[in-house]
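Labels A, B, C and D are assigned to the chains in the order they are written; within every chain, residues are numbered from 1.
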Amino acid sequence: MTRITLEAANRIIEVALATAAEKKLKPLAVIVLDAGGHAIAYARQDGASPGRFQIAGGKAYGAVMLGLGGRAQMARAEAQAYFIAAANGALDGRLVPVPGGVLVTDASGTVIGAVGISGDTSDNDEACAVAGIEAAGLNAQP
Amino acid sequence: MTRITLEAANRIIEVALATAAEKKLKPLAVIVLDAGGHAIAYARQDGASPGRFQIAGGKAYGAVMLGLGGRAQMARAEAQAYFIAAANGALDGRLVPVPGGVLVTDASGTVIGAVGISGDTSDNDEACAVAGIEAAGLNAQP
Amino acid sequence: MTRITLEAANRIIEVALATAAEKKLKPLAVIVLDAGGHAIAYARQDGASPGRFQIAGGKAYGAVMLGLGGRAQMARAEAQAYFIAAANGALDGRLVPVPGGVLVTDASGTVIGAVGISGDTSDNDEACAVAGIEAAGLNAQP
Amino acid sequence: MTRITLEAANRIIEVALATAAEKKLKPLAVIVLDAGGHAIAYARQDGASPGRFQIAGGKAYGAVMLGLGGRAQMARAEAQAYFIAAANGALDGRLVPVPGGVLVTDASGTVIGAVGISGDTSDNDEACAVAGIEAAGLNAQP
């Protein structure tokens, strides 16, 4: 197993924000968590509201803790709402089950962390996360 | 970027309550928060229940933290209920996504705080907040 | 039993802040709570840090919940530290046992609320609270 | 009043970590908060333990919320331990009253945020925070 270095996390954030600039998205918050759900790096663009930390953080935290990207969590929420609600309670309300939370895996498929982005639409948030993860040479699982 | 002074916050509360008196509304609680979601001023009229602090406070806190007024939050809750539910969990249950939470912006459009009102109907609560904000020379975003 | 009206609470805050201005104190936060420990009115002067809400609030909340002013709590803390520490845990950490939390009683001696002030020295905070309470025609118990 | 932009926050982190490298310090975590105590940027170096987020965060959060740098908080804790303990409870346990939490002020002396660093000795943590803040053209108050 490898891990996400601070250098890789900074690269993920740099490319995610450059992608957002190209797409002319609203100001974003981007967080990179390790395999334990703990922050490695975070950046909130000027104009993004302060609670974006909790939203981006919840997207990434839920992904790591459940081993499921935000898009997969959303599908599960639509199929079985009470499971995701209960999981959220069990995780102290720290799960935000929508796109924009993306698992990061290494070459062997092991989860080594997650990226969470919030600020624009969930689909755009996710696209920026994927772009950042791939630019860092890692695999993204939305 | 400017900020909401105590003088402006007191003016917001004064005009919000005068508006409520004209409309013969039920007793209200009015809170004014800064751009970080922290209270600048609060007033609860005689006869308003004690939990109005938490309801008015949650309307304003959610507005600041998400950068969305209560009416916009309500629309999002109706379109995607589980997102607002999850956001609320991520914000420690301090979000009340209905009208009556109104963002305050300065001339450049920067969010400098929010006003939350509770006690009458959500629509009436919101009307009093907007009246107060505008009387203080600031911009209201419901 | 009477109660602290919003008008009385506003008078308490007005006189407390006028007293602070005369004494040239640092910016203050002032909260007035009812007999249930719930906020009636709050004002934070420009330049007072945001956490003054929690400090002033804790001074007043502990006073109401224990029926003891902040100065009396401090004496108890010095005599029996573990009791105040345990009481604080039982009250969810919301007790700040220093001067500046002042009980408000009516003519019959019944507790009808409390005032909490934070921003300058504890002794100065308390003096402003007492001045405000007395100006509103109520009795202060530090 | 100005604010700490993301560009300034990134510069603070960059110079703080370069200072640590020069001094050959242990791996650090560095957080930059806005005037409301909300994260703008965070970086945790490879090898720094995950809880450094909470320690660095608590140093900066307590500074913003109380308007006192970590060194000033430590002096208060040594003079009146139960006050800082109670303030910590009132702030939900999020205060870490030691050096390494440094207030950031603008040219007029207004608090616009704080930097928190954890990983080496408190004194070294603080020196890196001050170096970063000054490199960004802002004023540091330990």
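Note that a residue touches a chain if its C-beta (ideal position, glycine included) is under 8 Å from a C-beta of that chain, and two chains touch if they have at least 3 such contacts.
To keep track of the chains, here are their UniProt names: A, B, C, D = Heme-binding protein.
None of these values were measured; they are calculated from a predicted model.
Q: Enumerate, in label order, the chains that touch chain A (Heme-binding protein) and chain B (Heme-binding protein) alike.
A: D
Q: Quick one: chain A (Heme-binding protein) and chain C (Heme-binding protein), Cα centre-to-centre, how many Å?
A: The mean C-alpha positions of chain A (Heme-binding protein) and chain C (Heme-binding protein) differ by 44 Å.
Q: Averaged over CA atoms, how far is the centre of chain A (Heme-binding protein) from the centre of chain D (Heme-binding protein)? Could you give it in whole Å?
A: About 26 Å separates the centre of chain A (Heme-binding protein) from that of chain D (Heme-binding protein).
Q: As a quick test, compute the distance in whole Å between the mean CA positions of chain B (Heme-binding protein) and chain D (Heme-binding protein).
A: 31
Q: When the C-alpha atoms of chain C (Heme-binding protein) and chain D (Heme-binding protein) are each averaged to a single point, how far apart are the two points in Å?
A: Chain centres of chain C (Heme-binding protein) and chain D (Heme-binding protein), defined by C-alpha means, are spaced 30 Å apart.
Q: Counting only residues that touch at least 2 other chains, which ones in chain B (Heme-binding protein) make the list?
A: If we look for residues of chain B (Heme-binding protein) contacting two or more partner chains, we find 34-38.
Q: Could you draw the chains as nodes, link the ones that touch, and say if you get a line, ring, star, complete or other?
A: other
Q: So which chains actually touch one another? I want all the pairs, not just one.
A: A-B, A-D, B-C, B-D, C-D
Q: Mind pulling up the chain A (Heme-binding protein) residues that touch chain B (Heme-binding protein) in the complex?
A: Residues in contact with chain B (Heme-binding protein): 47-52, 54-55, 57-58, 77, 81, 84-85, 88-89, 93-98.
Q: Can you tell me which positions in chain B (Heme-binding protein) touch chain D (Heme-binding protein) when the two form their complex?
A: The contact residues of chain B (Heme-binding protein) facing chain D (Heme-binding protein) are 1-3, 34-38.
Q: For chain D (Heme-binding protein), which residues are in contact with chain C (Heme-binding protein) within the complex?
A: Going through chain D (Heme-binding protein), the ones touching chain C (Heme-binding protein) are 35-37, 62, 64-68, 80, 82-83, 85-93, 110-111.
Q: Residue numbers of chain C (Heme-binding protein) touching chain B (Heme-binding protein) in their complex, please.
A: Per the touch definition, chain C (Heme-binding protein) meets chain B (Heme-binding protein) at residues 5-6, 9-10, 34, 36, 38-46, 50-51, 53.
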